[in-house]
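First chain written, first letter: the chains are A, B and C, and each begins at residue 1.
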Amino acid sequence: MNKTVALITDFGLKDHYVGVMKGRILKELGDLNFNFINLIDITHEIPPYNIRKGAITLYFSYKYFPTGTIFLVVVDPGVGTERKAIVVKTKDYIFVGPDNGIFTLIYEENPDFLAFEIIEEKILKPPYSETFHGRDLFAPIVAYILNEKPLEEISVPLSKNNVNKIEFLFPEKTSRGLKLSIWDIDHFGNLITNFHKSMIKHKFKIFVNKKEVPLIKSYGYAKKGEIVALFGSEGLLEIAIREGSAFEVLQNPDIEIIWEE
Amino acid sequence: MNKTVALITDFGLKDHYVGVMKGRILKELGDLNFNFINLIDITHEIPPYNIRKGAITLYFSYKYFPTGTIFLVVVDPGVGTERKAIVVKTKDYIFVGPDNGIFTLIYEENPDFLAFEIIEEKILKPPYSETFHGRDLFAPIVAYILNEKPLEEISVPLSKNNVNKIEFLFPEKTSRGLKLSIWDIDHFGNLITNFHKSMIKHKFKIFVNKKEVPLIKSYGYAKKGEIVALFGSEGLLEIAIREGSAFEVLQNPDIEIIWEE
Amino acid sequence: MNKTVALITDFGLKDHYVGVMKGRILKELGDLNFNFINLIDITHEIPPYNIRKGAITLYFSYKYFPTGTIFLVVVDPGVGTERKAIVVKTKDYIFVGPDNGIFTLIYEENPDFLAFEIIEEKILKPPYSETFHGRDLFAPIVAYILNEKPLEEISVPLSKNNVNKIEFLFPEKTSRGLKLSIWDIDHFGNLITNFHKSMIKHKFKIFVNKKEVPLIKSYGYAKKGEIVALFGSEGLLEIAIREGSAFEVLQNPDIEIIWEE
């Protein structure tokens, strides 16, 4: 059977860390029990230690992967401390990483999730590193799961109430509408807000720094240099400038939704 | 059978876009009809919306891939507008992407190409995004082709005269030789001109900003810091500085070929 | 059988070079004699021509890969000159690259290595490039080895004394301890010194710019902004600042080990 492992880290691509983590997965696997595995990079450019950005990136990505995909997510400022290593199972997917809130949005979208705390001493083989658990702890966990070994032998169940979560801001109500926050800035400089199209109640106008901007269907409908709003590929309202960077021009603008009467 | 999919985009590696597009290809594929696929990144660092650079990168790359490789090329400023999604077939390869000229140099080198316009509503499954056709349109097309389903069921033939092309500058004749333009700047800062070694007619000298520079066989023959010319790996004349960046030092210099008497 | 090829280059990810080198490996392989191969990127962001950094990166990585992995390492300022192309075999691994010292630390850790000089004209097929041996020379060598063809038909043995090496600094003795040098700076800005934990003889203190810094177990035990020392994932002493960049703050500091009485 073909298996997919998808990776999110803050390791960057300059160093050897990502490659070594993949090497270790393959080394632990051996040639048994699988036909081949697809190691797919989602991104390794999460800003260092930015758990929030890692959580959003995972949230925007996971649904598009094949059923059974294992997500290895290592943004881990607490590496080597008492923070837990966990495995989270939803109906369709498996998630492996530190218990620092990185899976918050997975919990929100999959309330029936199951969580397991890894018993580290069952996985860490000396000499192991206290600073590179991606290689020495998380990669072997992924290989263990790929080898279809029983999770209960290396973990204990963790109650839903005991997993760590981080806070995500949702739009704030104002007298006439909603004040939005920026959740993310993408490679093109588009400002991705926290307003999801499922939150639309009435007709509305969009204001950026108190000026109305048009809501367009896609980037191609904007004039070059024009500030526009559109619902992006994840259903979130984005502020964009065609063939330019909204972030460079606007930085962190006021963004407001005004419901029309 | 092993199959290769090679990818060129302007998505960058900071965001989740590339990973999600790959995930979607694998998800649509399922486990059927193939042994495994190699997903090979050519580059995802095409400058945003730079169709020209995407076209050159594809042109420099495709011949070195196995017969049957599918090239997925998404540099798509017109995403979500009326621009067509196309599949182009040459004797050895298949190309998938927007009809915005990105395949211009493929058409030039393969005049017997066949082009097909995708009927988008046969591929796009709601809810789809108008801003991320890499994931929602092009990835499923690639999976459809990998699954060896009949292209005629999702497309109509497109006449060779109706595909979009962009212009590529060729060297300009001067009284004594040729004035060259820069087609590309690589990672090392080498300036890659539009003079191909097949254009050599006589003995010639090379002038950069009116000063003659030596034509050497390879970088290793230059002195550190010396400005030199050489025919690069694609047969195009490059201006280079050994262990330095010609682009940083020279920016956009005058480059001339003078035929010798 | 599954096979792994791990890659280190200074090609960067902006250009098509890495993708084309991989494409060429797959093209030369054909579908024969293997089930599938894993092409794993260790890094392509070695600073241009920095053989030393390439050697360190390889050294930090190779042991974590499956037995039989082929390492293709192309940091090659002498491309196209008389420098040799070599294959190095150790008990568990195979290394392919230029003979410019990039394998120095492999030789040190594996004194029983065997080296082979490639007879270039047996591999280079016209038209080949003098500037892109990654594609035209090294990729076909890797494919040749993957195809399990006999190495003696394309190479001659090279004596251990005739391989090129580069120098690596080890800690300098001072009156009271050791003066360290920095071998590497990682993505997080951590300063990786040349002091390996196997060099510990007595209890010791660590001084950075004459001020003592604490030795901690892992990053998570530091206070935000504090300068600390710890043994990193490769067993080398690192100077780090939690959630900050030691390199940005300290640049190239004096680092000293003082043995305690």
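Everything that follows uses one rule, which is that a residue touches a chain if its C-beta (ideal position, glycine included) is under 8 Å from a C-beta of that chain, and two chains touch if they have at least 3 such contacts.
Predicted model, so just to flag it, every value in this text is computed and none were measured.
Taken pairwise by the contact criterion, the protein chains are fully connected, each one touching every other. Two copies of one sequence, chain A and chain B, touch each other mainly through non-matching residues, since under half of the numbers at the interface are common to both. Computed from the mean C-alpha positions, the centre of chain A lies at a distance of 30 Å from the centre of chain B. Multi-chain contact residues of chain B (touching two or more other chains) are listed as 13, 35-36.
Of all residues in chain B, only 1-2, 4, 6, 8, 13, 35-36, 38, 40-45, 57, 60-61, 64-67, 69, 186-188, 217-221, 230-235, 238, 242-243 touch chain C in the complex they form.
Within the complex formed with chain A, the chain B residues making contact are 11-20, 22-24, 26-27, 29-31, 35-36, 39, 48-49, 77-81, 83, 127, 129-132, 135-136.
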